[in-house]
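One structure follows; several queries about it will come next.
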């Protein structure tokens, strides 16, 4: 489950209904000041209970730092932060041992771990585990910012509704701030309203809907990354696919590049303010596995939440008979919304690891 | 540059114009028979010079095994295979030190490695490095086959031309064999002819074109993989993004899942021949980072070859003046075609690593 | 700081005076029952305050499990255990920032981490960190026992006083139990009394004394390990050198082997009860980096505690003037005593990792 | 089998009688000039056939660089070097499949790898594999020297005969050069003569003899290393135990420290030429897992060569009957002699890894 960078490691731990979730972050240099208020503001963007579009589960999500800090500054020892689990309702889950929920981790986890799997709340497969991930990523974001690197994301689409895209050449902190100022993480407020309508409609229909998160990192020097499996896409890709519900990752023009001609896709070099830049940025800032110095731009596709209120077909694993299952309880109708800071967090881990 | 599995490691080495390319594969159990003829047949699918759609560079691509085999059987020591480089024309490349080719590794590699970068043929960033990767992957494919796992890929699209898709529920060895029987790696021969026309047209226009490769792995047990960064998508994704020119990776419905409702995307469980299956396979055989026992289906998007014959804009790094550049020489107009066995190879490495 | 096995990872965290110490253990299979009472008994062997030979610092050392268990059984998620730090007296330590204690981590840690190093109690370099290590190792010992592997250690020497050695051919659980039955961890109770006298004498003299711990693992199959850096000595050696104050590690006859002839050192094979054994075991059960199936026997040398009550020479790092320093406070006069279970713990981690 | 540093990785490959041995070194920065003549001189120190004290097997040991160099300078791609195996006499080895040689890798390797183990010459367990290790280490030594770090070793003892020890405070390049000027790698030429007599006597008696190699690294800054398993002793220890035949490793006073009082063992700080030093160096330059800035001094104990000409007892694995075995052929009577540069090589890898 660990994030394993070259220098930075984050061991995430916890299950949805265990006493706590948390993380141990190793490899951070000593002397990084952690602004706890800003960290908390970052965590609030992931927290549930923000409105109609998220689950009603209440989580304060205030990390307790057990180690690694001297006052508010990293001391060179591994940083451990813990978030207690509260407001858990374990009674809801026992029957999924017998009848696994479609497109949930239940069935493969029961095959893998057998009867000792802690199925309550989805165990270690719960999106709850992204809370400690955001603690680690939030610290990484602060460390990156002090190195001149800024990362920001927004919802690129919810179902068929699309936000404006980042300008891959000129995207910058101004855009990230604009997204934050919107209550809903989009560039185009009108698109955000239509997304909320789409989500509300899905919820009304006891259904859920997928979405895409677009993210950009600016301020990175050229030449980070390496050939083949040492490439930035490999490490960023592995990090992003580690977020629950991500089914696709693309850089720059991504899948659209497969439909382009080279003459249209190639990014000609130019000089701007005495610096080498590319006129366009179809590459998403990564060529040959290495940064070009242009914004690194990528997208992650999230599937619709598998927990829906409609009756579904499944199998009783004990009797091996097909049966019907209705899931009740509290679930986000669109996981992509709360995933926006999670995407920023794991991107920050992968990129800070390259800079260290 | 290394493929770093949990048990399996492949250290790929070489530059396009170094004496050789090769690989060291560590972690293979002793006792795996290597059928050299089948390995060679596999390598031929990647080799250039197969027709109008590939570069004219001639490479025999016959690996010499320096270690790790006792006769034709793995002996438990690391397997080293070497492929000498021949037919290299280094004269073509020297000027790219000064004027980097757009969307090539030249510029970031020069920033990263400085003057000692071996730019000839693109150095270690050359697609030539996929030859030893296919040696390793070819051995992995044979080892997997003996464990009942088969992997096959085809070109899903070239530019706007699409092949039929694998049936995600029923795809199997019969489909893989059908692709191999076609001279061109597609399911639908007519689509193949239109792809060849598209590639020919691009070549005619001194241009190149992108494409998508779809791959499936069948015969895997349920429960392979783990939560978060231990998920199968993370390791397969990292492996696939390690292939030069890959810009996007998606599993199952992938990006399309982001536009779906949960009620349509969820895969209901059913019983078939006393086994748990899913009726559909939008998940692409991976849920919660773990295999479900259904075919693992994924796609990798390839950008158009950056080496095109048309004049392009670039910058002279010495004078910092913008200039024009025309690339001559031998290049695949569509890298996706020869990438089909490469996708199979890296998938085999990532999946064998999970089974060991 | 992490223990990094091939399958098993233990991220230890904490500083001596941080809110807590703890560990995250990843890679344990699901379904391992943890007997908490036996675990607590194991931790008590490491705990201070056992008698005249240990520091008077009081630590309850009762781990709280935050994750990874379902009831008392591992569930396949990472196991996190936390031990709060209490009875810390931080006032004692501030002046060591200016005048580092000889042979302590103070000076190199200040160079490495700068002013943000948490010097209180020695920070992450404190022997306090061996408490969570023993939690992880205690679980590993229980898992090993269920696989038929037993590990036991004793104090081989304190200063010049030597205990009897394990019989490298016949050592077994009976010996380990005998050591446990003695209040002081030795085979020969009389030697134990003389060791206590030696320690008491050192304490009286405001001094400290070194010692050697000998450890054996029995029940391991032949063939664990690999060539070169994959050898068992490399992984066990790295694990043992990870214990604070260890200055030497040897296997079998160890340094004495360097003074032997091959004819005396070689272990002839024989058949006993239909099994291949060696008549002697100068190899300490490891040949060519691999287990032979005989007991694995090794020794770790511990330096005398650097914290002594006598005045010592040091340097004021601010003024760069030489000065005198007297350390007060509570310290073990012989760390080797409490290190006995720590040696068992890290050996258990390294060996369980090989068996998984 | 791989050397796995944090940044530097060396994948060693080959078997004694495979077509070649070699290595792939990853993580070296671009721009390191490799002086091939000095590298060859370094390799000659390990090569056999130097005199009466080594095996008569002839090995030219001239590495062929297949990749990673641009001219004689590292280009940032993995460095692969290959040394063909010649003068192999495989007929000698077949019978050891049935009757394993005492204290050789034969028996555990046959258990581990089964019939496909390449037993000829000991397969991957042969000391022959230290040749490519010395290529990697030789390059690391040159890289270290340019960073102001020098490493040197000598034979501290052969059987009971001892050389003078390095002065742990003042050891330096002058000592290393003195060792090289002696034909036999000792500080005290008279001790060297007695060692040669001891070796000759062992050879005469169809026997072998063990030895100890002492090594020092000077010029390292303070603060390299980390707590617990991140300590320098763990990584250096793992590297040294990776050398075939090493049975013990100690730092500074090592095992002798276990017999000392703290007041004698502690190294008081002092100021010399405006720099912090320690008056003595019982710590061997490593405290709390970190360098102090003083010479890093350590010793590795080598067992006597297991291949001896005297008849030995073993077991026929097919019939499970005890039997006698006489080994003929060419073997070093004292492996410690040729191990001197190997110790320098692996130390260089472990230390360069820390500096990168």
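A, B, C and D label the chains in the order they appear, each numbered from 1.
The working rule: contacts are C-beta pairs under 8 Å (C-beta built on N, C-alpha and C of every residue); 3 or more make two chains touch, one makes a residue touch a chain.
Predicted model only: the values in this text are computed from it and were never measured.
Undergrad: Determine the shortest chain-contact distance, in steps, between subunit A and subunit C.
TA: 1
Undergrad: Which contact partners do subunit A and subunit B have in common?
TA: C, D
Undergrad: Look at all chain centres (mean of CA atoms) and spot the one farthest from the centre of subunit A.
TA: D
Undergrad: Among B-C, A-B or B-D, whose interface repeats A-C's (more than half the contact pairs identical)?
TA: Of the listed options, the interface copy of A-C is B-D.
Undergrad: Could you tell me the distance, in whole angstrom, between the mean C-alpha positions of subunit A and subunit D?
TA: Distance between chain centres: 47 Å.
Undergrad: Subunit C to subunit D: how many Å between their CA centres?
TA: 26
Undergrad: Take the average of all CA coordinates in subunit B, do the same for subunit D, and state the distance between these two points in whole angstrom.
TA: Averaging C-alpha atoms per chain gives centres 39 Å apart.
Undergrad: Can you pull out the residues of subunit D that are in contact with at least two other chains?
TA: 1-2, 12, 77, 109, 112, 123-124, 227
Undergrad: Mind listing the subunit A positions that touch subunit D in their complex?
TA: 6-7, 77, 227
Undergrad: Using the touch definition from the top, list the residues of subunit A that touch subunit B in their complex.
TA: Against subunit B, subunit A makes touches at 1-4, 12, 100, 102-105, 107-109, 111-113, 122-125, 129, 133, 157, 159-160, 202, 205, 207-212, 221-231, 233-235, 237-244, 246-255, 257-263, 265-271, 274, 276, 278-279, 282-284, 287-293, 301-308, 310, 312-315, 317, 320-322, 336.
Undergrad: Tell me, which parts of subunit B touch subunit D in their complex?
TA: 1-2, 9, 11-15, 18-22, 24, 26, 30-31, 64-70, 73-80, 82, 109, 112-118, 123-124
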